[in-house]
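You will see subunit A twice below: alongside subunit B first, and alongside subunit C after that.
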Partner chain A sequence: MTKLLSKDKKYKRVAYYPGCALEGTGKAYDTSTRAVGKQLGLKLDEVKNWNCCGAMEVKNIDPKIQTYLSSRVLSNAVNKNKHDVVMAPCNGCYHNLKKAEYDLENDPATKEVVDRLSTKAGHKTYEAGQAETIHALDWIKDAIGEEELSRRVKHSLKGLKVANYYGCMYTRPRHIFPEKDQGPGSESTSEPHFMDDLLATAGAVNVDFPLKTACCGGAHTLSDSDTSTKLVLNIIEAAEAAGAEVIATECPTCHSGLEMHQIRAEKVLGRKTNVVIMYFTQLLGLALGVAPRKLGIHENVSDATDLMIDKRLLWAT
Partner chain B sequence: METTAEFSFDTIEARIDSVSARDSVGDVVNRSQHLISIGEQIMSAWLVAHDQEPTTETKEGFRLIALHRQGCKGDPSFNACRETCRELAYHHNLITNDPDHPDVYKRLTMAGMVAKHLCLFVGGKMQVAELGEFCCSSRPIRANGG
Partner chain C sequence: MPIHEKSLIREENIRTRDDLVIDGVDVSGHWSTFIESRVVTDYNEDLEDQIAGLPGGENIHRCWQCGSCTNSCTVNALNADFNPRYWIYLIRTGMESELLRDKDIIWQCVSCNKCTYVCPREVAPEGVMKATAHWLELMGHTPKSPSTLFDEVFSEQVIKRGKIEESGIIRGFFKKTGQPLMQNWLTTMAFRLFKKLPFGMMFHMAKSTIFRPKTKGWRKSQLAIEDYIIEQDTKHRKLLGLDKPTSPTPQASNDNATSTLVEAAE
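For the complex of A and B:
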């Protein structure tokens, strides 16, 4: 008989799916996620022999192949790692795994393709409901919680003004996230707050930021760079106008887009902005007393050094 | 305020800057209403480009929200600006309910930035054919022939 565990226990040890971005442009997100997990005593077992989730590229050509690719990740987590919770910190991966879950549950044609390809590839077919996909925000929020987190804070973020930017894929489309919008304690798709909650616990002041789920133009970067730059510039300027010193991110695509287009906006449009862009795991790690280098802060394009010195958040490694 | 032959997203963008600038002429409530009208124009432009007659109905007291709902029918990727429309309506309510609030100009600036996002997002989607298909979050779950 399967023993039902509460989320705080269930999420203490999870299968970790970093995805491609966290091995490349989002390396600092991977580094800081692992460091925060270690500091909090949470265990991450990387999914064995994982593959690309299908991202946007495959999804745009053939959504069913994308679902298969995501289902293989879930299958490996269940059958090779023996886990029933998969944590994906990248919004794109998280979204695609959730979408795969939804499609396998609701679309027989997709299920047929996934069954066929899984057999052909020689691995067990993932069946809907075998695993639960969560984001890094769910992981920390539910495995640790604000009360415990506040006890673990060693260096408060001391009123650091933060605009929390969730991007578009963390909450949309709503029907693939059935656990959200379930009342108190659950995440909201229209007004997400998990990152706000965690960083406030670490001492940050969350500014009122109206573009927290606005599109950053990430998918348009190559086809229409100017629109992407303007979308990002507007997000960054809105964060500054709201009084933010830092934009906290929880997606490697959003993060790279913000960093890249912040520079491009200055070069192409002559609009310089000063807000610093950091992963929420880096901010949380600082608050937990993890050394900045272990959080990959030096790997960010956006230079946080002056702000961290000003806020006395840098200390010896 | 309906879509006209002179409609262009560049013009709209400039108008948003002008309306939401702190030193602009006109009281904040009128200027906020102007931003709502601009939002309606943007939504209407999307609908007209998709051979639809923009609704005159309101939803939750706002034609803007009704227009958005109309725009995303059959095109889930358009849902990605749902919160933007709602934020614009929210800021309009903040401004009109308390026009003497010490933060009223900050609120107007924010409303302008929200309107600008709407303009850039919808303009971007319309500028590049099929750009909706590349939306990160909202590609139809089971697109025809997918």
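For the complex of A and C:
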């Protein structure tokens, strides 16, 4: 299926699954993703009447319900939007759709339950292979590519020092991402680099950051806050030690977790850190010449204004 | 990174003698080698099957005890007592009372999937941790953990409406766990955000609090999921021998045994 049409053409028009977080605390990620897509001439067609993918919570009630929830989203994208590519910028949604794809193909027991629930709920079942799920990183990387992107950059990020933070759900566990670890050009699950590639093209300097895929404790951000605060503090301090001015994120849960526990670490543990947290789409948008307000930079809790003024990046309007 | 393993010599097993003289030599003090001998008679032969019958625990029988899970574990790096390999060993050998010593921390798995990523035997230790935490709660060994309460508040909204509204979940969770809504870090967060006057966002948040998001035509999905949950719950209770509601006695005595163990440990 993927072989027939080259990826750059196939990804120019995709079904877009924002998910609940991008309609709530991660609104700025949604705004900036749409703005970047518009600036690059990529068409996003929101999945019709979508539902929550189950995030990190529903699987603990029962993983098969989570697979059902994700399969309904895929089914709508295929049957209602008539798309065969679904783009999910949220790591949690992306992970769950990928996992649903894997389980529906490989686990007959899951397939049976999901088909039964779909029939009862009165919508078409989703069959493995009908759609391909991609992340916002794959989307820009494959639909535009670095060469084209470098031609579109209007205001270079001028050596802004960035730590790229990918989190857990983008690469783990390996088996649900069969397209990764396929040699040159593909994403790596142990040392992911797509965000590094894109931001370097936009003029940023990627610092040597060892905790790219460390866990921020997002699943227990409220239910076990002290653990999450320790994990986030580790990540932020490692980024600072590596010389980063900004931590670039690609997941609303990681992003709000980093913001929340940065403040919590200050209040509870008395450890103040200065690194700024931004979505990678916000940085990319600035480089492409999108107005800061259209990227929701003022909607981040972590205040990037001073740094952006220092770096003369807010003039990019 | 080294493999952190808990010491097999436990404090409560160390013998202390204040006036021990052997052959004229004073050897008083703590002696970790004088461990009381122990005969295990309380194996739970069904333990592995019980965990394997709960969602996530299906592949526990594949474990080879290589320890890769514990070595890669995010929570283990913060607390050396958090030891997935050891718990899998205890479950597979039926050492229930040993497992119960750690009953209050098993729920703390953050689902980062590092263990599942490195496991050479496809055990999915992350799933086993969830199944074990679930088992502890079903058997009445632990109250519902904060994580379970959060999952329940969250899932309830998803199942009812198809979508979630985050502020509702946060409020629901704080209420369920008896925490105040005005925590100092939360007010600081709100203050830092709102001083930048993100009008669009404020409008959007107010809108979704009043008109809570909902998936159209969700009712039939809701009923299908609810039926499935009841079906699974019945299956799990049967597996654990909990389908007779009038059996508090063996459970209670089990609880007592546990609390004595915990007291001894303290």
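One rule holds for everything that comes next: the second predicted complex is superposed on the first by the 312 of 317 C-alpha atoms of A that agree within 3 Å, B and C clash if a C-alpha of one lies under 4 Å from a C-alpha of the other, contacts with A are read in each partner's own complex, and residues count from 1 in each chain.
Operating definition for what follows: contacts are C-beta pairs under 8 Å (C-beta built on N, C-alpha and C of every residue); 3 or more make two chains touch, one makes a residue touch a chain.
Predicted model only: the values in this text are computed from it and were never measured.
Enquirer: What does the overlay on subunit A give for subunit B and subunit C, a clash or a fit?
Expert: Superposition result for subunit B and subunit C: clash.
Enquirer: State whether A:69 touches subunit B only (first), subunit C only (second), both chains, or neither.
Expert: Second partner only, subunit C.
Enquirer: Taking the superposition as given, does A:237 touch the first partner, subunit B, the second, subunit C, both, or neither?
Expert: So A:237 only meets subunit B here.
Enquirer: For A:214, using the defined touch cut-off, is the partner it touches subunit B, subunit C, both, or neither? Pick first, second, both or neither.
Expert: Both partners, subunit B and subunit C.
Enquirer: After the superposition on A, what does A:60 contact: first (subunit B), second (subunit C), both or neither?
Expert: A:60: touches subunit B and subunit C.
Enquirer: Using the touch definition from the top, say if A:52 reaches subunit B (first), subunit C (second), both or neither.
Expert: second
Enquirer: What is the contact status of A:25 with respect to subunit B (first) and subunit C (second): first, second, both, or neither?
Expert: So A:25 only meets subunit C here.
Enquirer: Between subunit B and subunit C, pick out the one touching the greater number of residues of subunit A.
Expert: Of the two chains, more subunit A residues are contacted by C.
Enquirer: Check the residue A:202 against both partner chains and state whether it touches subunit B (first), subunit C (second), both, or neither.
Expert: In the superposed model, A:202 contacts neither subunit B nor subunit C.
Enquirer: Figure out whether A:92 sits in contact with subunit B (first) or subunit C (second), or with both, or with neither.
Expert: first
Enquirer: Looking at A:110, would you say it contacts subunit B, subunit C, both, or neither? Reply first, second, both or neither.
Expert: first
Enquirer: With subunit B in view, single out which of the stretches 27-35, 117-125 or 153-161 of subunit C clashes with it after superposition.
Expert: With the two structures superposed, the offending stretch of subunit C is 117-125.
Enquirer: So which bits of subunit A does subunit B touch that subunit C touches too?
Expert: 56, 59-60, 62-64, 168-169, 172-173, 214-215, 217-220, 223-224, 227, 230-231
Enquirer: Applying the document's contact rule, which stretches of subunit A touch subunit C when the two form their complex?
Expert: 20-21, 23-25, 27-28, 49-52, 54-65, 68-69, 72, 113, 116-117, 120-123, 168-169, 171-174, 189, 214-215, 217-220, 222-224, 227-228, 230-231, 259-260, 263-264, 266-268, 296, 298-301, 303, 305
Enquirer: Could you pull out which subunit A residues touch subunit B in their complex?
Expert: For this pair, the touching residues of subunit A are 56, 59-60, 62-64, 92, 95, 99, 102-103, 107, 109-110, 167-169, 172-173, 175-176, 190, 208, 210-211, 213-215, 217-220, 223-224, 227, 230-231, 234-235, 237-238, 241-242, 253.
Enquirer: With touch defined as at the start, can you tell me which subunit B residues reach subunit A in the complex?
Expert: 76, 79-84, 86-87, 90-91, 106, 109-110, 113-114, 116-117, 120-121, 123-124, 127-128, 131, 133-139, 141-143, 146
Enquirer: Which residues of subunit C touch subunit A in their complex?
Expert: Answer in residue numbers: 55-56, 74-75, 78, 108, 110-114, 116-117, 124, 127, 130, 134, 145-152, 154-155, 158-159, 162-167, 170, 173, 177, 184-185, 188-189, 192-193, 196-198, 200-201, 204-205, 208, 213, 215-218, 220-221, 223-225, 227-229, 232.
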